[in-house]
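Two complexes come next, and they have one chain in common, chain A, joined by chain B in the first and chain C in the second.
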Partner chain A sequence: MAAVEQDTAVRTGAFTRTFIYLVLLLFALFYLLPFFVMLVNSVKPLAEITGGNMLALPDVWTIQPWLSAWSTAQIGVEPTGLRPYFINSLIMVVPAVAISTVLGALNGFVLTKWRFRGDTILFGLILFSCFIPFQIVLIPMARMLGILGLAGSLPGLILVHVVYGLGFTTLYFRNYYASFPTELVRAAMIDGAGFFRIFWRIMLPVSGPIAVVSVIWQFTNIWNDFLFGASFSGSGSTPMTVALNNLVQSSTGVKEYNVHFAGAILAALPTLVVYIVAGRFFVRGLMAGSVKG
Partner chain B sequence: MAHSASQVDFRTRLQDWIPKLVLSPSLAVVMVFVYGFIIYTVYLSFTDSKMLPSYDLVGFENYAKLWALPAWWTAIANLAIFASLYILICTTIGLTLAILLDQKIRGEGVLRPIYLYPMALSFIVTGTAWKWFLDPGIGIENTLHLWGWESFHFGWIKDRDMAIYTIVIAAVWQTSGFVMAMFLAGLRGIDNEILKAAQIDGASNWNLYRRIVIPLLRPAFLSAFVILSHLAVKSYDLVIALTGGGPGRATELPATFMYSYTFTRNSMGIGSASAVIMLMTIAAIMTPYLYAELREKS
Partner chain C sequence: MRKMSIVAALALTTSLTPAYADMTVEVMHFWTSGGEAAALATVRDAVVAQGVAWVDAPVAGGGGDQAKTVLQARITAGDPPAAMLILGQNILDWAGAGLLGNVDAVAAAGNWDAVLPQAVQDFTKVDGHYVSVPTNVHRTDMMWVNVAAFAKIGAEYPTTWEEFNALAPRFLEAGIMPIAHGGQSWQEMYMFEAVALGIGGADFYRAALVDLDDATLRGDTMVATFVQMAELRGMIDDNAPGRDWNLASAMVINGEAAVQIMGDWAKGEFTNAGQVAGVEFDCVPVPKAAGDGFVYLVNSLSMFAQTDPDRIASQDVLATAIMSPEVQIAFNLAKGAIPARTDVDMTALDACAQATAASFAANDTAGTAVPTFAGTHAAPAAIVGAATDAVTEFMNSDMAPADGATLLADSIAAAM
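Entry: the complex of A and B
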C-alpha cells in the first residue's frame, strides 16, 4: 500500500470533469437517500408519513418514535421496546469478538512463524469455513447446542459466532504476520524466549492495525447476523436484528412506520459508529490483509 | 552435564509442541463444527428425516423430490437472476466509481465513506429501509405523485414478476461501495509510470483504461467475483426483511427455501438436500480460488 497517494491521473477537459463530479454526486445521493428517508421519517408523527411526502422535513418534530422504539414498542408479545434486545446483542458481541480475535491471533502466529508439515492444508481447511453457506450447519448446530445445554441461550450464540468467525480472524492475522520478519522471531528463540513470550513481547505490540480490522469485522458481522440469531436464540437471548425484524413484520395493529425507522437506526447505530470512528483503518487493513489476489 | 542436556532437550521438545497445542482447539472446533456438521447434514439429506433427524436411509429420494418441487426451481431461477445481476451491477458500479474517484477528485475523503457506509448496516436494516422506500403507497412513487408526476408507477415490490429485482437493487445499494473500495485499492497499486509511458505514446484515455488499466485490475475482478458470488448464494436476511419471500413465493431463494422446508414445513431431509446443493455451489466457486491463493503464498 505504499502507492496509496498515487492517482492514475489521466488528463481530462473541463466538460469531462463536470460530468465526473455529476456522476459521483448522483451516486452519493443514491447511497444517502434511503438513510435520509429513515432519519427524516423517524422524527415525524405517523399522520405526516401516511399522508405526506417521505422526503419532506417534518412539520412537527417529535422524538416520540425513538422513545417508543427504545422502550415501549411491541416486540412479539411483549411491549418492551428494543432495549432488552440491544443489551442482548451487546452481551453476545463483546465476548464473541474478543475470543475469536485472540484465537485468530494465536492461530495466525502459529501458521506463519511455527510452520510444520501440512500447515497450509490445515489453514485451507480453516479458511474454507469462512465461506460455507451456514444452512449446511443449522440442523446439527441446533442439536449440538441442545446436547451442550446451551440451546436458546446467549452463551450458545457466543459459541456459534466464535466458531464461525475463527476462519476470518485466522485469515487476517495469518496474512498480516506473514509479512513480519521471521528473523526477529528466530533471534528471540535463540535468546531462549518461548512461544508465549515471543507472542506477547514481539507479535502483540505490532498487531494493532490487524487487530482493529479483526475487531471491526467481527463486530459488524456478529452484530448484523440474523440467521443464527433467528435459529438459535430463545426468548431471553434474542438479538437486535431479530427483534427489529419482529417489530417491522408484526402484523397486529397500525403500522407505525416512524417507530420502525427509529428502530432500524437504533439497530444500525453501533456498527455505524464503529465504522465512522475506525472505518478508515478497516478498509486500509482489509485491502492489505484479506482475501485478495 | 548429561542431566541438564536432557532437560534442555525436554524444553525444546515442549517448545516444539506448544504451537501445535495452541492451534489444536481451533482446529478441533473447525473439524467438528464445520466438517463434522457438513457430513452430518449430507447424511441427513439421504434419510427420511421430517420434523426431527432420522437415521433411516432412503437413497437419493430427497434429491429427486427436491428437483421435482416447483418452489425449488423458483428458488434456483431467482438465484440465477439475482446472482448474475447483483455481480454484474456491483462490479460495473464499483469499477466506474473507483475509476472516477481516482481522477484527483476534490472531496474524495467525503465521498468514499458515503459510498461505503451501507456495508456497515445489517441486511435487516437495509431491507427495512428499502421496503418502505419502494412501497408504492408511502415511498418513492407517492413522492413523485406529490411532486406532480401523476403517471409515475413503480410497484415492483408488489409484483410477482418484478419483486426479485427489488432485491437486486437493495443488495447492490449495500455492497457496491465495498466493491468500489476493492477496485480503488487495485487502481492505487498500479504503477503510474506505465500509464505515463502509454500517454506519451499517444493512447487515448479510453484505450488507456481498456487496454492497460482494466487488464491490470484482474486480481481485483477475481476477488470481487468470489466475494459477491458467495454473498449471493448466502443471501437470506435481505429477502426476509425486504419481501419475506413474497409476494406469494416469488422471491424465494435457496437460503430461504432451506430454512422454511427444514424448520416450518418439517421436511428436514429435503431441507438438508437443498443445503448440500448450496454448499456444492459455493465449493465449486471457492475451492479453485482458495487452492490458487494458498499455493501462490506458500
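Entry: the complex of A and C
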C-alpha cells in the first residue's frame, strides 16, 4: 500500500476526492466570510462603511483604522489605543497559563502515580470546578481578593485564572498520565529517584502533547475572558477584552466601525497565532488522553 | 548634582499642588467613544489642575449594565470607586442601599438648589442629600432632519403627527424613506416615549409612564399612541431590524431617509460627517400634538460613600469641578448635550444645543419636562425592560393598536 494512503480509512476515487475537496473549500470560504468582512472593513474609510457597502473591497485603502485602534483610539478618557491593554493581557496570560499548566501536571502526576486514600473523590471534587459558572464565583472571589489585598491588580487576575483553570489542567494531565506505565515510575523509585526527580525526568519529557492542549485551552480561555477581567481589574491592569469592549461599545457616541474591526482582529490575533503554531498537536493530545482514562 | 535636581523637581511638583498632594479620584464610567470621552476629559483636566490624580475606570456597554456587575465586585472587595456614572432610578437604588455618600457641603456653597432645575434635582438629590453631581442633560425626543429631503418635496418640518403622517407618502414617492429606523428594542422605546408625549402631552406621559397608572395605560390616549406607532411601522424599510442608531443616522446624512427620531447625542454623527446644523441637517423636537413637552435624561456622577478623609476631600474637588460653569460648557460642547445648570451663558453652544437649552428651561418652568422612561428615569429597569419587550413586539408584528396597549399594560403590571 502506498504511503500516502496510510491514514485513509476509506479508499476513494478521483471523482469523490474532487467532490470532497470542493465541498470543503466551499465551507472554508463560508466560515472565512466573517473574517473577510472584518478585514475588508478595517482598511476602509468610515464613510464607505456607513455608505452601506459592507462586503465590497475598499475604494480607498487605508491603514489608519489599524493605527488608530492600536495607539490613538479612545478606550477611556485617554486616547491610548489598545496597546497598553494588549501588554496587560500578555503580562496576565503568560504566568497564568504557565502556573496553571505546571500545577495541573503535578496534580495529574500525584493523582495517578502517588495515589492515596480518597484520591478519586478528590479528583471528582476538582472536576466540579470545571462546571461552576463564572458568575457564581464572582462575589466570593471579589471578597477573597479584597482580603488578600489583590483587588484590582494583575497578580489578583492571575490568581483567579490559575484557580479557575486548575480543574481543566488537572483533568487533562490526570487522564494523560493514567495511560503512562506505572512500572517506569516504580523502577525509578527503586533507583532512588524522588518525587520531583521522577516528575521532571520521566513524566514531563513525555507530556508534550497534553501540555500543548493545556496551554492552548488555558491561553484561549484566559485571553478571551471578559467577566473576570472586567470585574477584578483596576485602572493599570485592564486586559485586552475589556479595552476592546470599551472601544466597540458606546451608548451615545459616534461609532468608528473600521477602527472596531481592526481592534477586534488585534484582540483575536494572539489566540490565532497560538492555534496556528500549536494547533496540530491539539487533536493529537486530546486523543492521547481519551483512549484510556 | 543629579540628586539636587530630583529634589528640585520634587519641590516644584509639591509646590504646584499644595492642597491635594497624593490624592486620587477614581471614576467609573461608560463614556468611551470620541465625544463622550472628550467631554469627560474636560472634567478630568479641571480635577487634575487642582492636583488630584484622575484614575480612569471605563467599563462600556449597555448604558452601564456591565459596569453594574463590575461595581458589585468592587463593593464586595471593599474598594468602591469614588464616583460612578449611573442613570436615573439606579441612583435611587444605590442610595437606598446606603452605598452613596454626599457632597452637600459643596452643594450648599455652590447654591445648587438655585442653579439646578427641579428636573435635574429629582435625579441627583435623594432625601435632601446631593448624592450625585450632574454633568449634562440630554433631550431624547429629538428629530434629526435631512434639509435637502424636505426641500425636495417642498415641505415644512411637521409640528404635529398628522402633518408628519401626511408627509410620509410624499417622501416615498420621491424615493426617500420617511424614517431612518434602528430596529433595536431600546431605540424603539425612545421612539415610543417621544410619540407618547407628542400624542398625549405631559400629564398623560406622567400618569402612564411615571405613575404607571393602569387605567391610563389601557386608556384611549395610549391606544392613540399605538395607532401612531403603527403608522410609523409602515414608514420603515425592511432592513431596520437590529440596525445601530449610528447607521440610521447615516441614512439621514446620506439623504436615503428624511428623518431619524433619536436623542440629541446623534448630533455627533452629523457633525462628524462634516455636516452643519441648519445647512445640511436640522434638529427639531419630535412633533407634539398636545402642546409643548420635553423628555430629558440626566447624566451624573454619583458619589460612593468613603471612609478615608482624603477620598472624601477628592470627591468634593470632583463635584466642584463638574459644576463649574466653564466645565459645564466645555463638557457639553464635546458631548453634544446641554448643561445641567440653567444659569450659565449658553452662547458658546451651537444653535441646536441653544434651542434645546431654551426649551428645557421653558418646559421645566411650565412643568412639561418629563423624565425619560426608556432611560430608566421614570421607572426602575425591570419595568422598563418589560415595557420595552412589549413595544418591540408591537413594532415587529402587525398587532392591532388596542392589543398593543393591552400588552403594554399587562407587561408593566406583571413587572411591578
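Note that in this section the second predicted complex is superposed on the first by the 254 of 293 C-alpha atoms of A that agree within 3 Å, B and C clash if a C-alpha of one lies under 4 Å from a C-alpha of the other, contacts with A are read in each partner's own complex, and residues count from 1 in each chain.
Assume contacts are C-beta pairs under 8 Å (C-beta built on N, C-alpha and C of every residue); 3 or more make two chains touch, one makes a residue touch a chain.
As the structure is a prediction and not an experimental result, all values here were calculated from the model.
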{"item": "In the superposition, chain B vs chain C on chain A residues touched", "value": "B"}
{"item": "Partner chain in contact with A:234 - chain B first, chain C second, else both or neither", "value": "second"}
{"item": "Chain B versus chain C as contact partner of A:79, first or second or both or neither", "value": "second"}
{"item": "Partner chain(s) touched by A:254 [first = chain B, second = chain C, both, neither]", "value": "second"}
{"item": "First, second, both or neither for A:246, with chain B first and chain C second", "value": "second"}
{"item": "First, second, both or neither for A:50, with chain B first and chain C second", "value": "both"}
{"item": "First, second, both or neither for A:34, with chain B first and chain C second", "value": "first"}
{"item": "Which superposed partner A:151 touches (first chain B, second chain C, both, neither)", "value": "second"}
{"item": "Contacts of A:143 with chain B and chain C, given as first, second, both or neither", "value": "both"}
{"item": "Those residues of chain A which chain B touches in one complex and chain C touches in the other", "value": "50, 52, 138-139, 141, 143, 227, 231, 245, 248-249"}
{"item": "Touching residues on chain C, where the partner in the complex is chain A", "value": "26, 29-38, 40-41, 44, 54-64, 66, 69-70, 72-74, 76-79, 138, 244, 246-247, 250, 253-254, 263, 265, 268-269, 272-273, 335"}
{"item": "Of chain A, residues touching chain C in the complex", "value": "47, 50-52, 74-79, 138-139, 141-143, 145-146, 151-152, 227, 230-232, 234-235, 242, 245-256"}
{"item": "Of chain B, residues touching chain A in the complex", "value": "15, 18-20, 22-23, 25-27, 29-31, 33-38, 40-41, 44, 53, 93, 96-97, 99-105, 111, 113-126, 128-133, 138-140, 142-143, 146-147, 173, 177, 181-182, 185, 187-192, 195, 199, 205, 208-209, 213, 218-220, 222-223, 226-227, 230, 233-234, 236-237, 240-241, 244, 254-255, 258-259, 262-263, 268, 271-272, 274-276, 278-279, 282-283, 286-287, 290-291, 293-294, 297-298"}
{"item": "Interfacial residue positions of chain A with respect to chain B in the complex", "value": "1, 3-12, 17, 20-21, 23-24, 27-28, 30-35, 37-38, 41, 49-50, 52-55, 103, 106-107, 109-111, 114, 116, 120, 122-129, 131-141, 143-144, 163-164, 166-167, 170, 178, 189, 194-196, 220, 223-224, 226-227, 231, 241, 244-245, 248-249, 257, 260-261, 264-265, 267-268, 271-272, 274-276, 279, 283, 286-287, 291-293"}
